[in-house]
Structures are given as structure tokens and as C-alpha cells.
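Paired with chain B in one complex and with chain C in the other, chain A is shared by the two complexes that follow.
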Partner chain A sequence: MHTVWARANAVFAFSVSVTASVAFACFLTTHVLDNTRPATIGVDKAIVKNLKDFYVDQKKDLGIVHFSLKANLTDVFNWNCKQLFLYLMAEYETPDNKVNQVVLWDKIIRRGENAVLNLRKQSTKYYFFDDGSNLRGREVKLSLHWNVIPNTGYMWMVKPQSHHSFIIPEKYAIRKQ
Partner chain B sequence: MFDDISTHMDYKGQMLAEKYLQYIIVAFGVLGFLVGYATELLSHAMVILFVGCIVSSLVTVPPWPMYRRDPIKWLNVREVKADEVVEAAASKKKTTTKSKKR
Partner chain C sequence: MLSMDVFGELRRMNKRQVYFQFLNFAMIVASALMMWKGMMVVTGSESPIVVVLSGSMEPAFYRGDLLFLTNYQQDKIEAGEIVVFKIDGRDIPIVHRVIKLHENEDGKVKFLTKGDNNEVDDRGLYKPGQLWVERNHVVGRARGFVPYIGMITILMNDYPQVKYAILGLLGVFVLIHRE
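Now for the complex of A and B:
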């Protein structure tokens, strides 16, 4: 502390430490909150076709699903939440694989944007290909998950409160001539 | 040119400067946290803390007169002749060589 440089260095180092503790205090106030919210999912249309996947020379089942989604996520946002990453996941079991999880649709909601979801007859963003040809007559569970991306602290994955089950038809859809 | 500007503080002043530094930054940190929590914006907390760091560096880095109130009391200057200095240096050398011979 005997020269200007020593004092300036002390100011800088101490302010970095205090900044870290303010960020830690911010993390403590928000990471104990419960982030689950109810979401209503419905299925408007579900058909299944058998098509060749892009790079594989084998025909696989492709499910085409149109869904509806209602959720209000405005109070998940707090001073530590930068954005939400939502994804709609389809989960089912086949004789080949015990657990299959396919992400059908996702969305990023930043802080300040509209966080009330009201989708109807929404088509999926990603293809619902099965690992094989086992989708006919299968019971599929749709659930909405989200990740909360904070300003300080770890990112946490929020589990859904409820899920919606629907059954894929037994026969392949035939193209109407 | 910059070497001519004196930037020293005496010891009591340095202690005082360190105290002020820590208290000001912590106070602004707590204030920033409370304001940020109330307004739900983390940027408010960080901006207030940054302002606090600027204030703290303005208060503690330049050598204000309040840090020079307790200067070191040096002994009075005593006039010494040139011969005395040479004798003192020579006697010191003799004692060190004696101890080596043992």
C-alpha cells in the first residue's frame, strides 16, 4: 500500500472477490426455487409411415404427429434466469430398445419474450424416426421438459409434472390415390 | 516527470486507506445485491458494485492529505566528519576478520 500501484492492485483484486460473492449470493437466492409448472399437451393427429431414413439403406417407421401445447411459464423467470430451453419429448418402449426418447420440438424463450405458450395443430420440428419398424400400435408418452439457463450457477433440467399418452395407429397410412 | 509526484502515505495512512477500500467496496456490494434483488435485474447489482469500485479507488488510491497526518519521526540530522566515517568502517572490518581466524 506504499505506492499508487500497490493500492490500485488492492482495489482491483478486492473488487473481483466481492463481485464473485455477489454472484454467489444471487445463485443462492434462486437455486432453491421450484421450477416445475403444469403444461397441457394434446395430440391432434398421429399417423405412421414406413420410409427410408436418409443415410441408412433400410426402411424405418416415421411417425407424423401434430400436437397442441398450453403452458404459462412467465413466473419461472427471475433475476437469475437468462433463458429457457423447452423441448417436447416422446418416450416409448419397443422390443428392440427398452427406452426410446425422441425430441420432437424445441423452443428457446429469452427473458423478456412472451412465455405463454398456446400452440394448436403444431407440426413437429424434427423427424420422429424409430430405430427399427416398431412404432405401430405403440403407446407413446409426450412430455414437455425445459432447461433453465441462469446468469450465475449451474444449468438445471426441470422434469415435467405430467405427460400425455397416445397410441400410434396399427396400420401404415396409405397415400390417397 | 512522473517520478517527481510524491505518492507516499505514512503507515497509519496506509492502514486507513486499506480499511476505507474494503468497507466502501463491501458496502456497495451489499447495496447492489439488495437493489438487484428488488428490481429483479442482476445488471443493476453489478453496475452499482462497479460504481462502488470507482468511488473506492478515488478515495484510497491518490495520496490525500488525510493519509499523511502521522509522518514518521526521523532522528535529527547529526553532522559527521569524513575521518570518523572511515575509522568506523575500518574498525568494523577488523572485527569481522578476527572472528574468521578463530
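Now for the complex of A and C:
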């Protein structure tokens, strides 16, 4: 341990070992935590229209939904959770497709930001296009999921504790002249 | 400091020791390969570890972060999951989130992806005429995450001289060093 190189090598090796151990400890201590929380979803408005989707020439059903959302996710954050990616997912079944899952809205909450959600009459971020024209009269299940992004470790896809179902109207919305 | 010791050692080595050094080197390479192939089998993915190359998933993943993937066929992909997929004819894997998923009665699934940090979905990235990503395009699902480590790979790709220099140095040290 008498040359600069030997000392630099020792310091470097030690810092790498310490960093790796701390990262592993972060992962181990937060791996088994329960990340589920209750969320309340409501639907304020739901109508359906039949319009041309952007990239295809066919007309498809477009659902227009305004929703409300209440949830408190403050205690999901810990030393290993750097971000939560929330997404509101609509699930339904049609004669053409037995599984349909569409993300209508998403939000990123970073550690330190306000994690209390209280949205009302919120419009969706993404277009609720069906793969076809089968939305009328369909029962749609809305649920709030979130993805726990850690500093190091496993990325949990947290399942919702409850969901909210609503029925899309039987008829297309009429354009007011 | 280095040169005098190293060449002195080299001259003192006989044929057997030289073969031994080469065998040592081959063992290290073979073990590394075994670990990589073993991971491929356990996770079911052709590429169980990927480095994030772009900033399209910020602030979750930055350039240089490492992702651990699994690709179990029996686990269905759901909307909201982060998948790594390849477009036909392009080598670079894309790490984005599934925002829409449709599965018909025959079990055929198609999905639409979007990067968290992008304004629009990925249809501009797909092949011309391709509107959806299918299961066979998917290399795996991101399950684990380690920050920063992949920067070495990006450095070596952007500056190939660094790659050759490191490999050259490593080769010299392993062959010359007695222990």
C-alpha cells in the first residue's frame, strides 16, 4: 500500500463494494412491502361516437369519458421508491376481442411530490378508441394501477384493490347543431 | 514500475506455465458465457439484461440504466407493463410501456406502446404499415432495475477505442499476471 496506484485501487474497490451492498440492502428491505392502497373512482360522463381513427381509414368507436379519482399514495414512498407511475385502465370484452385493455390516463409522481389525488370531471389523456365499433352498451371496468419504480430492485406492478364499472350508452351521441 | 516486473516474469515462465495462463483465461471466458446462457434459460428471454439507450422513459429510466427482463410465455402481457421489443429489420430494442392491448378469441394479442416521456404513441417508430406490436416481437418484460451500471456499455459503443483499450489491457494483465 505504498504507491498511489495501490491506494487508488483499494479505495475504488472498497467504494464499489459498499455501493453494491447498500443497493442490495435497499432492494432487500423494501421487497416484501405491501404497495396496495384503496382508490375511489367515479364516472361523471360517458358517451360514445363513431369516428375515423388516425392511422386507419375505418371508422371506429371512440368513448369519451370524464372521471373522478380519489386516492392517497403518500405512504407507498420509501427510501427505495423513487417514482410511482399511475395509470387508469379500462377493461372490457367485445364479440371481436375477448380481452381489451386501454390506458385512459396516466400520471408520474416522483418522491417528494404531492401524492394525494383528488380529481373531478377529469378528461382522459388518451383516446379511448375501440379496435372496431363495439363499444355501445358495453360494460367497462375502470381500475387504478401503479408501477413502483425503485432506486434498485424489483419493479412492482401493483394491482388495484377495487374497480368501478360503468355502462357505455346504447346510442351514439348526437352532435348538437 | 510495471514494465520491469512484467517482462522479468515473462522470461522466467516455461511452456507449462504459459499454457496454464491461457487455460485460466479460457476458464474465465467460459464461466462468463455459462452465466449469460444460464440467465437466458432461467428468464426465457434472448436478452435477459438490457441497457436503456434513450431518454424516452424518463424520469423512470435514464440512459445507462440496466434492466432485468423475463419472457415467460404463460404470463400474459397486460397494459401498463414495460416491455422490451424489436421492430422487424431493426436491431435496437425499444423499452416502452404498453398502453393498449387487444386479444381476440384465437389468443392472438396485439398492443400499442408509448414511451413515458414521449408525447405520442410509438406508431411513428414501427415499420411502415405496422400498427401494432405482437408477442413475437417482444424480447421480454422489465422486472428489475439497477441504475447507472450500463453506462460502461454505452461508453464502449460510442467510443470503440475505449472498448479495444480495455479489452487489450485486460488480455495483457490476465496473460502476464502470475496469480
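Operating definition for what follows: the second predicted complex is superposed on the first by the 173 of 177 C-alpha atoms of A that agree within 3 Å, B and C clash if a C-alpha of one lies under 4 Å from a C-alpha of the other, contacts with A are read in each partner's own complex, and residues count from 1 in each chain.
By definition in this document, contacts are C-beta pairs under 8 Å (C-beta built on N, C-alpha and C of every residue); 3 or more make two chains touch, one makes a residue touch a chain.
Bear in mind that the values here come from a model prediction, so they are computed numbers and not experimental data.
Trainee: Let me test your reading of the model: by the given contact rule, A:Val102 touches which partner, first (chain B), second (chain C), both or neither?
Mentor: second
Trainee: Look at A:Tyr87 in the shared chain and tell me whether it touches chain B only, chain C only, both, or neither; answer first, second, both or neither.
Mentor: second
Trainee: Of the two partners chain B and chain C, indicate the one touching more residues belonging to chain A.
Mentor: With both complexes superposed on chain A, more residues of chain A are touched by C.
Trainee: Touch test for A:Val4: chain B only (first), chain C only (second), both, or neither?
Mentor: In the superposed model, A:Val4 contacts chain B only, not chain C.
Trainee: After the superposition on A, what does A:Ser133 contact: first (chain B), second (chain C), both or neither?
Mentor: A:Ser133 sits against neither chain B nor chain C.
Trainee: With the two structures laid over each other on chain A, which partner does A:Thr29 touch: chain B (first), chain C (second), both, or neither?
Mentor: Touch partner of A:Thr29: chain B, not chain C.
Trainee: Check whether A:Arg110 is in contact with chain B, with chain C, with both or with neither, and answer first, second, both or neither.
Mentor: second
Trainee: Go through the superposed model and pick first if A:Thr152 touches only chain B, second if only chain C, both, or neither.
Mentor: So A:Thr152 meets both chain B and chain C here.
Trainee: Examine A:Val56 and indicate which partner it touches, taking first as chain B and second as chain C; both and neither are also allowed.
Mentor: In the superposition, A:Val56 touches chain C alone.
Trainee: Hey, what residues of chain A end up touching chain B and chain C alike?
Mentor: Residues 3, 151-152 of chain A touch both chain B and chain C.
Trainee: List the residues on chain A that touch chain B in their complex, please.
Mentor: Residue list for chain A touching chain B: 1-4, 7-8, 10-12, 14-15, 18-19, 21-22, 25-26, 29, 78-80, 151-152.
Trainee: State the interface residues of chain B toward chain A in the complex, per the touch definition above.
Mentor: 7-9, 14, 17-18, 21-22, 25-26, 29, 32-33, 36-37, 39-42, 45-46, 49-50, 52-53, 56-57, 60-63
Trainee: Note which residues of chain C are touching chain A in the complex, please.
Mentor: Touching chain A from chain C are residues 1, 59-60, 78-82, 97, 99-105, 109, 116, 123, 131, 142-147.
Trainee: Which residues of chain A touch chain C in their complex?
Mentor: Per the touch definition, chain A meets chain C at residues 3, 23, 55-56, 83, 85, 87, 89, 96-103, 106, 108, 110, 126, 131, 145, 147, 149-155, 157.
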